[in-house]
Amino acid sequence: MSQTMNKKFTSHFRIYYEDTDAGGVVYYANYLKFAERARTEILRESEINQSELTKDLGIFLVVSDFAGSLKKPARLDDMIKIESEVLKMGGASFSMCQKIFCASELLAEIEVTIVCVGGDMKPSRLPESVKKALS
Amino acid sequence: MSQTMNKKFTSHFRIYYEDTDAGGVVYYANYLKFAERARTEILRESEINQSELTKDLGIFLVVSDFAGSLKKPARLDDMIKIESEVLKMGGASFSMCQKIFCASELLAEIEVTIVCVGGDMKPSRLPESVKKALS
Amino acid sequence: MSQTMNKKFTSHFRIYYEDTDAGGVVYYANYLKFAERARTEILRESEINQSELTKDLGIFLVVSDFAGSLKKPARLDDMIKIESEVLKMGGASFSMCQKIFCASELLAEIEVTIVCVGGDMKPSRLPESVKKALS
Amino acid sequence: MSQTMNKKFTSHFRIYYEDTDAGGVVYYANYLKFAERARTEILRESEINQSELTKDLGIFLVVSDFAGSLKKPARLDDMIKIESEVLKMGGASFSMCQKIFCASELLAEIEVTIVCVGGDMKPSRLPESVKKALS
């Protein structure tokens, strides 16, 4: 059921004090926050809100696996750009590659696998609306 | 129904990178996080878990008002001490003063008012166990 | 040196999973994050970046006092609006009122006092550019 | 220069509201925060503070790569245990495996690579004290 997909989604986020740490750069865990904001906005572009997926269908999109490679840090006041692309689409899960840039420079590369689960945290079919939004 | 109470509760927390920002000190909003950890530990000392208050009684303890005065910043690797004291105890709410120290130096002073609410976010009587834990 | 000022600045921020907690609503300390993002964007509208204030002038804008009144919680996927207004402008500090709305409903009201400090954390004159940006 | 090392370090952290999200469980990026707290405490056991590494030697320990596999979520009030082990020790970097448990149940497994860098963000030799603390 996996498919090749090439559509790239682009999101932009500003770096604020809250995102940085005493090393003077963005705290490493926060790249995962930006990546999730980007995924959320990709769905919202297709009018899918995760709060409604939970309320209407009783499902959650949860991260089961993630990996990140941090090449250069983002800093206070930077405007970062995230390019997101689906790598693999399955029946109850999908994986994405998300590249984070500042200007044209690649700062970080993140891969995540997202699983659709029910309230019992067991895998559940991805809604067609989500699949369509990502492809 | 308000009472005078003098019992002081003491909690300790370490400052990690996640707590700091590019200014080299603790990010200002995070003092509210430490204050809440302290309140949670005060209840836990009396074997009250907030997750059980919600599961068993359908109530939440939510902050309705807060104020903070920041005198000196905490820094990476500091061990902070929080001294918490109930200022006022009511039927469905209470307020606390929480002083944050590093060594013997006062860094910050926080006041919060906590309201007990039901799932509908309407005020609900504070359980006796919570009142007793705080007095 | 205090002045009356009425200019209102408006900012918008989306609520993501990272902003919420297990109570199902925005974690209380995070309203201070949104308030700071709004203040940062107000300065940026006048082409003032805080990272440049530090690099070029050796100063930081730090919060010395804050207070918040939380009336209704923001929730996942909400788009909040912040209306910010200077209450008082001094030589080395200023205070602001920041109201947070969802749609037309007032969720929270925050007041902060900001002090301009040098690297030694001692008060320093507010740059004219900052005063002008806020008035 | 890589070595086999088997020493296991154990750390414990409590889950607070700040760590959770509206899904009712710990927000996925926060496992990286706990992992870092654990690494920091491992160094502190050998009396190494990262703030002193920076002040005294001008170096930072930064994460270059991370990966996580999330099997079961941690929840509010859980006490998690982290077992950390060095996988590989190099001249300017090392990697660790960090397993997160609640009671005896494995919740998450994280791998990180840490690089020692100077103020210019270029790799710098790991201090012997750090190598010794980890082995």
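The letters A, B, C and D name the chains in turn, as written, and every chain counts its residues from 1.
What we mean here is this: a residue touches a chain if its C-beta (ideal position, glycine included) is under 8 Å from a C-beta of that chain, and two chains touch if they have at least 3 such contacts.
Owing to the predicted nature of the structure, the values given are computational and were not obtained by experimental measurement.
Q: Looking at B-C and A-B, which one has the bigger number of contacting C-beta pairs?
A: Greater number of contacting C-beta pairs: B-C.
Q: By residue number, over half of the contact pairs should agree; on that basis which option among A-D, C-D or A-C is the same interface as B-D?
A: More than half of the contact pairs of B-D reappear in A-C.
Q: Report the inter-chain centroid distance for chain A and chain B in whole angstrom, where each centroid is the mean of the CA atoms.
A: 33
Q: Where the CA atoms of chain A average out and where those of chain C average out, how many Å apart are those spots?
A: 28
Q: Between chain B and chain C, what's the gap in Å when you average each chain's C-alpha atoms?
A: Taking the average C-alpha coordinate of chain B and of chain C, the gap between them is 23 Å.
Q: Mind pulling the chain C residues that touch 2 or more other chains?
A: 17-18, 22-23, 29, 33, 36, 51, 75-76, in rising order.
Q: Along chain A, where are the residues that touch chain C in the complex?
A: For chain A paired with chain C, touching residues are 14, 16-18, 33, 36-37, 40, 44, 49-52, 75-77.
Q: Can you list the chain D residues touching chain A in their complex?
A: 22-23, 28-30, 32-33, 36, 51, 54, 60, 62-70, 72-73, 121
Q: Of all residues in chain B, which touch chain A in the complex?
A: Within the complex, chain B contacts chain A at residues 17-18, 20-25, 27, 29, 75-76.
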